[in-house]
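Written out below as structure tokens is the structure these notes cover.
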Amino acid sequence: ENRARLIIKCPDQPGIVSAISTFLWNQQANIVSSNQYTQNPKGGEFFMRLDFEYQPGTNIEKLKQEFQEIADRFQMEWRVSLVHELKNIAIFVSKEPHCLLELLWEWQSGDLMANISVVISNHENSRQLVEGLGIDFYHLPITKETKQEVEAKQKDILEDYDIDLIVLARYMQILSPTFVDVFKNRIINIHHSFLPAFIGAKPYERAFERGVKMIGATSHYVTNDLDEGPIIEQGTEPVSHEHNVDDLKKIGQSIERRVLAQAVKWHLEDRIIVYGNKTIVFE
Amino acid sequence: ENRARLIIKCPDQPGIVSAISTFLWNQQANIVSSNQYTQNPKGGEFFMRLDFEYQPGTNIEKLKQEFQEIADRFQMEWRVSLVHELKNIAIFVSKEPHCLLELLWEWQSGDLMANISVVISNHENSRQLVEGLGIDFYHLPITKETKQEVEAKQKDILEDYDIDLIVLARYMQILSPTFVDVFKNRIINIHHSFLPAFIGAKPYERAFERGVKMIGATSHYVTNDLDEGPIIEQGTEPVSHEHNVDDLKKIGQSIERRVLAQAVKWHLEDRIIVYGNKTIVFE
Amino acid sequence: ENRARLIIKCPDQPGIVSAISTFLWNQQANIVSSNQYTQNPKGGEFFMRLDFEYQPGTNIEKLKQEFQEIADRFQMEWRVSLVHELKNIAIFVSKEPHCLLELLWEWQSGDLMANISVVISNHENSRQLVEGLGIDFYHLPITKETKQEVEAKQKDILEDYDIDLIVLARYMQILSPTFVDVFKNRIINIHHSFLPAFIGAKPYERAFERGVKMIGATSHYVTNDLDEGPIIEQGTEPVSHEHNVDDLKKIGQSIERRVLAQAVKWHLEDRIIVYGNKTIVFE
Amino acid sequence: ENRARLIIKCPDQPGIVSAISTFLWNQQANIVSSNQYTQNPKGGEFFMRLDFEYQPGTNIEKLKQEFQEIADRFQMEWRVSLVHELKNIAIFVSKEPHCLLELLWEWQSGDLMANISVVISNHENSRQLVEGLGIDFYHLPITKETKQEVEAKQKDILEDYDIDLIVLARYMQILSPTFVDVFKNRIINIHHSFLPAFIGAKPYERAFERGVKMIGATSHYVTNDLDEGPIIEQGTEPVSHEHNVDDLKKIGQSIERRVLAQAVKWHLEDRIIVYGNKTIVFE
């Protein structure tokens, strides 16, 4: 259909909404929904997401060129994305398939509007599942020695499939800084704890040792500080003394599934704006 | 401060946001936050709430007159409310004080921006609490025979205090239709069930009898159909076979407190638009 | 392993726990966990679930015979179930597969300890999924005219597979009274509303019409009063004016999946005792 | 009434439940509710809480003496507490009164079964509230120089009032090790974060900086490792980019109130057993 989204970040000042909405009105576009957030009306940053319907036959490239004038006037960072142009996703996964399964499920039922182009794993065990759905699967085992070489292969694959978003669906390898830099704010990870509690390895084991009464999961964009990237979504569930480490993992898996799928959907719908080390999420 | 809210309802069509935001821009007003909802971009209803900062010295009456032209063009129902003009609340309560207490607590801690002008009860037991906070208290017992007469007294009091909003904080009397008509969409009730389950009397007893595994509470605007008015907010909590009716009441009280206080705050902040028998709530 | 569960219901009186635990102690069995509930210590009903480990080589039939003496003394209804004897499940499903999928998923990951013996559907669309997992699938379409005949076929299948539990995983047909009687307290249904709200057809449509702010789902044992059987578990999620009927269905599906799977697991672990039209659930 | 609770910890082995329940049966006592937990049936620790009704006129001291024999046989740590003997509470509070208010509210409405004997604060602002309810209030300001002296005064007061439990209801002073040792497992604190995230000062400020999407609160027994004591209960609520530090504090306060009151009630009902640095909570 003729739906597009306009995402904007600029210094706040009077007249922004008027300028944008008048521009769209002149294009005979209709604003379907609109979200905005200002840190501070005096001198803060202004963020906006507009969902609009444009006239059939609208030349989008021309529309963008014309909008650039407004963007310049207000010093905007901005982009327009067309709803019918689906983003290409690559899913990275290790042995535990629950997050991968959730994404595939949502995708099959039409709730995850994207192309799942390829799944890359350092284990073989998900191949059948993935290929059974007609998605390409690459088994790329990793060792310390081969890491650089494997990442090079991964990059080639990502390029071949023209990937827009990488989802680390319980991928238990740390990506190298150069890899991360290439995909800034385009790699979403799920960490199996309520960050910043239990950064790093074995969070469920450590949660059990500490005797917490709730566990959680956190989806975030990957940066080169481990588990320190901009948080997108978090979830928690109560636990008790009766739960051992395996129980925590089981309960945690359902939180992970939910929290990762939510983050991916928000990204695909252009609802997330990264600002510093935080996110603005227009739900 | 110089903050105001513009609340709008009109048939959806292109150009509304442009017209409004350009109007405010010409008034040198700055939009601080904005929410909109459209049922259907083609021929549905459009709803909007704008929170804006106007220039010191702005003549608000003049601003309203000028806005009327836009309002006419788009067939708007609309209003402007000034943030510094606090609304006057009357709280009606019967014997159980927990909802009254919650509202007074929120009010004392500065979270409920209103004047609690008067408390009216058919019981004496809350007098000390209310008067201790410097709020006027009226004890108006009700019987079938005196109902009409008492409602007349209540109306006099409401007029004397220039009341904008009536909150039924567990007031166990049914208001007569003429009373309700006078305060259309300005009486908020808390019903102690998850509506439409357990409409009417003794919902906790009936929830216990049915063996439900969750109980709830519902805040809604009062209409002349008992417990059928537009729902504002609902909450639930899990219960088990171990809970008897008294336990359900106890658990329910904390839901009631939360759900009623939330509804009142949203009303005070002009976040609720009634549409048919439903509400649009701009959180 | 050598694990068993003892489930008891009897009039409350002193000495029950002593008698049972001494019996097990004399059998050299070790109580692993124990739950009890008494409606009223004076003259109410007493309910108990004991999870115990028996000695390797214990003759369970003999143990049961010996326990009968205690059972008689306290007028107990009781049963012993062995953990390693998995129950046989038949899943009935219509067109929407999300609840079926959830159960299969839990079963594959080892969290649902049962044999899923057979899936029966009045639609063809889940065949591939089911048979792909090595589970038998029967397509039995139903019309008013063929209902009696189809139910006879269903009963034959259930007998052939020696089914202990029927799960109605969004099966949109009403079972006849004679069918229900045969499987008393052994048919679990998921209803797509927060009962007793929206009993019957099209609950999401009616929830939308009413403008509720939360929706829910309810798992219950099937009786011959539609949606009136003993409730096992309920869940809710918040919704808003922005959600249309399709959105409610989507949000509701994830509640249904969770609430049904929970009920089935509790049943399989003998955690549910039906009492009148209610359930005691020993979590 | 004639209600008591028996709390037990011992190495797990067969025969414990039999011995205890037979003992109570011989005393003509009736078990009203029972909870048990075993870490591991082979060689782990066993924990039990029994709620029982004893015969009017029972000599409790004699009952305890006779139970000692069973306790010796199974190497039990144990205690009996009588429900009608209310525990004496001292509440410590600094400037923010919301947790104090919650406890007083629950106490007034009969939900917190204890004597609130005294409130001690390093600020004056809660005096009127506390004394208005007939509870003694001590204003004991603290500086680095006077800390030792003030703690000595506090200890005298606690002794004078025969205090069983100290509740730190947002008391912003760190107690000295000697003080803590005297009240081991009898000081409950509320920390305004989801531990182990944001240990120490200014957790809401740090949560804001980190951009978390949920905040929490934790009630725990105080040990001499700051915020590292056994966790009793935790709660969380979602937050968004729209919330500033003050909003987080406001949302957090309602979590703190709930989580602290819950922990205090569980302690008063002898539902908590501390084991290592963890708690077993028999809800």
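For clarity, chains are labelled A, B, C and D in written order, and residue numbers in each chain start from 1.
Keep this in mind: contacts are C-beta pairs under 8 Å (C-beta built on N, C-alpha and C of every residue); 3 or more make two chains touch, one makes a residue touch a chain.
Please read all numbers here as calculations on a predicted model, not as lab measurements.
Chemist: Once the contact rule is applied, which chains count as partners of both chain A and chain B?
Modeler: In this structure, the chains that contact chain B and also chain A are C, D.
Chemist: What is the chain whose Cα centroid lies farthest from the Cα centroid of chain A?
Modeler: D
Chemist: What is the distance in Å between the mean C-alpha positions of chain A and chain D?
Modeler: 42
Chemist: For chain A versus chain C, what separation do you get between their C-alpha means, in angstrom?
Modeler: Centre separation, chain A to chain C: 38 Å.
Chemist: Which chain D residues reach two or more other chains?
Modeler: Within chain D, residues 37 contact more than one other chain.
Chemist: List the residues on chain A that touch chain C in their complex, please.
Modeler: Counting only chain A, the residues touching chain C are 98, 101, 105, 109, 111, 250.
Chemist: Taking the touch rule as given, give the residues of chain A at its contact with chain D in the complex, in rising order.
Modeler: Interface residues on the chain A side: 37, 194-198, 210-214, 216, 218, 230-236, 238, 240-242, 277-281, 283.
Chemist: Which residues of chain D touch chain C once you look at their complex with the stated criterion?
Modeler: These residues of chain D touch chain C: 12-15, 17-18, 21-22, 24-25, 28-34, 36-38, 41, 53.
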